[in-house]
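As written, the chain order gives the labels A, B, C and D, with residue 1 at the start of each chain.
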Amino acid sequence: MQIAVDLVSWLFLSMGMFLGLTGAYGILKFPDFYTRVHAASISDTLCTACFVIGLALQSGFNLVTAKLFMILILLWLTGPAASHALVRAANTAGLKPVTEKKD
Amino acid sequence: MMSSQLPALQVVLPLLGAPFCFLLWRYPRWSWALATLLSWSAFGVAIMLLIQVQNAGTIEYAFGGWQAPWGIEYVVDQLNVLVLLIVSGIAAVVFPYSWTSVQREIDPEQQSLFFTSMLLCLAGLLGITIAGDAFNLFVLLEISSLSTYTMISMGRDRRALTASFQYLIMGTIGATFIIIGVGILYMLTGTLNMQDLATRIPDLGTSRASQVAFGFLITGIGLKLAMFPLHLWLPNAYAYAPSAASAFIAATATKVAVYVMVRYVFSIFGVGFSFETMHIQWLFVPVSVFAILFTSIVALFQRDIKRMLAYSSVAQIGYMLLGIGLVNVTGLSAALLHLFNHALMKGALFLAMGAVCYRIGNTFIDSMHGLGKQMPWTMAAFVVGGLSIVGVPLTTGFVSKWVLIQGAIENGWWPVVAVILVASLIAMLYIWRVVEAAYMKPRPEGAESITEAPASLLIPLWLLAAANIYFGANAQFSMELAQSAAKTLFNSAVVGF
Amino acid sequence: MLLCEQQTPRGLNQLPRKKTEMELAVNITLLLMLCATVFAVVKLQSLFAIVMLFGIYSLLSAMIFVALDAVDVAFTEAAVGAGISTVLMLATLVTTGRWKKKPERSGLLPLFVVTITGAALVWGTLDMPEYGNPANPAHHHVADRYIAESPTEIGIPNMVTSVLASYRGFDTLGEVIVVFTALVGVLSLLQVRRPRTFARKQDNRPDTHRRRPYPVLQVVALIMMPFIIVFALYVQFHGDFGPGGGFQAGVIFAVAFILYTLTYGLDDSLALTPLPALKILAAGGVIIYGGTGVVSMLLGGNFLDYNVLAANPVSGQHIGIIVIELGVGITVASVLITVFYAFVTRAERNRAGEKQVDLPNKAD
Amino acid sequence: MDSIFTDILAGALGRYNYWVVIVLMMAGFYVVIASTNLVKKIVGLNIFQTSVFIMYISIGKISGGTAPIVWANAELYSNPLPHVLILTAIVVGVATTALGLSLIMRIKHAYGSVEEDEILALSQAEDEDE
């Protein structure tokens, strides 16, 4: 049983790690600001979710898990809002998205 | 019961008066009245402390009732009671003066903020003076520094802003150096209490870490007291600050920093460590000789008299460091005496400039032509202060220079004596420039006629000018205090305060 | 290092040794990241990037503080350094522009000064007590008593709070006064005013200069605010038992209003927290703190001696600490809110006046 | 030979923390004195101070210790005193930063620039005009 829980937990943790790395790669590779924010925010939400679930499985059913899920809710609330604010600010400042490679 | 609380009251009264002063933002006059009242009460407390110290010796006060190395302690002894007296005395004169002066120089909206800053600065300086705890000294130093930056930035010229910013950067670097030094000392000894440090530092011997701590502390304090190559913030800060602030800061802030230097060099590190291991005199003497000559000459070429006085201040700080660098009792008592006397003379000179600024709006030498006739009392007070800077007999400046020369002769350092004399000559020249402009040159044709400054400016100004003459003619009081403090610092340096 | 491994007392399992190694690895990683951040700051030209990197620097050092067991400090650094300082710097950039105009001058003299200072320090470390050794002089003499006696003398588990509020309570009063002094300074330099008043003067567009509503952000901010405030109160009153206290609580409380200002605009938030009230609270917090000291003086103790506040010294300490922490929290919160308003007022004023756009219209 | 090597290693292990902190401190200090941009100066000042804070906290660390909050299983606590000092210093630091930044905004308003050399040139021109 313990092994099974550990296995699932590690699955989630490595999934989170993979998503985090993908996000980081996206930030480096994508062509302009908007796509970069997109990469960061997508990986941000799912990645944290995976981490929290993985850690919650590690700790078992107790106060720590409850706190972890509260953190998750907080991040789900603030992360997208922050991405939204960023993009909106860029748009207001007049930053144009790159639509085609050669212009 | 109250008498045992005096050391706390000395600082707490102005410190807690400040928020009340701030709350009166709609009524600047009341906030000024409160500040003045508190500055007088601080002076009263300082006098009572002086009497207590002379009767009963060193007073210790434990904040929160916690014994010394664990809690924060205030210590009042013969050395710092002198500084307390001069800081609160200057405040008691400058605060009443400030109302009229501030009316001309600061917007009504900001006046109560100005008085609050002055009160905070006073509290910080008094606290630094009697703090017995190295870290508490840093906190109080920051209170006084932040309020000083605020006061300077309220000057009318836009250069006041850059002067204040420059001071903020250099002052914060200085303060950070001080906490680095204190941190290393704490690492080596496990204590922050000054008395405790003084007993534990000799056990460290000549460890490298304590030498580095010493270096950082000296540099940090040197920045605060405008030790020669680190003085760059000072001229602009004094020149562009509002008159009342210039007078208060010039007369007190660097003096308190000199006191902190003396405290660290003599009481905490001890004579043996500072002068035999670190040979700090070989820093102080050349630096101060150079400062005295160089900045006196620079002062000669200033058009703005406030700026000229600021450069003269750097030179005068040089005298104090020179006194410390002589490493004898006479030299140290000269330094302490000059600390006291210089506060009196610079206070008087800057107050006189404040009165001039009140009438003509600036302090340039060419706009002061003919002022000797039109503002006779103000200019007479300026002349008294100027004579004191030069060191003419019967003024305070003479007394401290005389003792300083004696100290130099004791060491057989004749070139230093020559430097002091030459610098006095240069001082005579720069004071003479003002006297010439005010008394010999006629008021230019068509210039608006000017009347004497109001009594609310003249009375404080003349109180300080009179103090210059009184303590010059009758130097026994300040001399005895300085000498006994210097003796204790040399003799019982290791034992403590 | 070797010495302390022998002295680690716990023998339940192999955890301590593992923990120390783990700490070492975490420490070194964080320190390296700090170095990288700092060198980027030295090199970069974009002020915006520099300020953001400073926020990262602060956050990283907060993590180091956690690794070095200084949880209270970490909390404060994260809230103050990474939070408030960065926000204030960003607000300044709105006014001053985001790009440095010129590359650095060649800094030979600064480099010389820095090298000398650094070399002196390194030279000094060579005979410094070893890092982390429990036998170091710093951990004995004064600190012993705080660790051994404070839980019974003061009666609260968090030793940092005991030392901060009671043994060194006067330092903390000084610190509150420093914050108050900063308020005095900022108010003398920058005014706090409703942007509407001077924007109207500039041009008579009806109400268009008012911020366009940000529905998403405003809703999120409204959801967050009560939680932030509850958290601030928790930190305020739980500081005796866990990390936290008046400073951290004050900063968090201020953050709630900064969030509100960012999403709803200065007009609305000044209506919520009028300036005179903030000023009175800022001074009031100092007066509460100092007043506790004065009361203890009147009751016959020394300044800030809480033992005399109640019949039983320990409950006296409790009362004293709660009251002064409250004073700290009130002052810090209202000062930071006011300072932020002052910064925003200046930025808004710039916006109402000449509009300067210095954002290069490129992704890179 | 072996003992010398372990000595050096132990010495380095015992001090690496201080050394890195010194590097950080000096980098911050360099930014303060070398940068011509006032905002960058303030950032440098903050980095300088934050690094000093790390130094203090390193002084207070005891290997194998725990945070100084009374806890049933803990036997060794890290030293709480440096923590208290640094709490104070952090708040002092933010106060200085706030004041410095508001000065910068006023300087920008008065001179139209936050570059030190431009401001210096303007001030000098003013000095000569008088």
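Quick note on the criterion: a contact is a pair of C-beta atoms (placed from the backbone, for glycine too) under 8 Å apart; a residue touches a chain by one contact, two chains touch by 3 or more.
Quick caveat: nothing in here was measured; it's all calculated off a predicted structure.
Q: Out of C-D and B-D, which chain pair has the most contact pairs?
A: Between the chain pairs C-D and B-D, C-D carries more contacts.
Q: Between subunit A and subunit B, what is the separation of their C-alpha centroids in Å?
A: Between these chains, centre-to-centre, one finds 58 Å.
Q: What is the distance in Å between the mean C-alpha positions of subunit C and subunit D?
A: Measuring from centre to centre gives 14 Å for this pair.
Q: Round to the nearest whole Å and give the separation of the Cα centres of subunit B and subunit D.
A: 28
Q: Distance-wise, how many Å sit between the C-alpha centres of subunit B and subunit C, to the nearest whole number?
A: Subunit B and subunit C have C-alpha centres separated by 32 Å.
Q: Pull out every residue in subunit B that's touching 2 or more other chains.
A: 135, 139, 142, 146, 149-150, 153, 180, 186-187, 192
Q: Which residues of subunit C are in contact with two or more other chains?
A: Answer for subunit C, listing residues that touch two or more other chains: 121, 125-126, 128, 136, 138-139, 142-143, 146, 168, 171, 174-175, 178, 181-182, 185, 189.
Q: Chain contact topology under the given definition, line, ring, star, complete or other?
A: Drawn as a graph, the chains match no named shape, so other.
Q: Okay, in this complex, where on subunit D does subunit C touch?
A: For this pair, the touching residues of subunit D are 10-11, 13-31, 33-40, 42-44, 46-47, 50-51, 53-54, 57-71, 75-88, 90-99, 101-106, 108-109, 114-115, 117.
Q: Name, in rising order, each residue of subunit B that touches subunit D in their complex.
A: Per the touch definition, subunit B meets subunit D at residues 135, 138-139, 142, 146, 149-150, 153, 158-159, 161-162, 164-165, 168-169, 172-173, 176, 179-180, 183, 186-187, 192, 303-304, 364.
Q: Tell me, which parts of subunit C touch subunit D in their complex?
A: Touch residues, subunit C against subunit D: 1-2, 4-5, 7-10, 16, 19-20, 23, 27-28, 31, 34-35, 38-39, 41-42, 47, 50-51, 54, 57-58, 61, 64-65, 68-73, 76-77, 80-81, 84-85, 88-89, 91-93, 95-97, 100-102, 104-105, 107, 110-111, 113-115, 117-118, 121-122, 125-126, 128, 130-134, 136, 138-139, 142-143, 146-147, 151, 157-160, 162-164, 168, 171-172, 174-175, 178-179, 181-182, 185-186, 189-190, 241-243, 247, 332, 339, 342-343, 346.
Q: Using the touch rule from the top, collect the residues of subunit C that touch subunit B in their complex.
A: By the definition above, subunit C touches subunit B via 120-121, 123-129, 136-143, 145-146, 166-171, 173-175, 177-178, 180-182, 184-185, 187-189, 279-280, 282-284, 286-287, 290-291, 293-294, 297, 300-307.
Q: Can you list the subunit A residues touching subunit C in their complex?
A: My answer: residues 31-33, 74, 77-78, 81, 84-85, 88, 93-96, 98.
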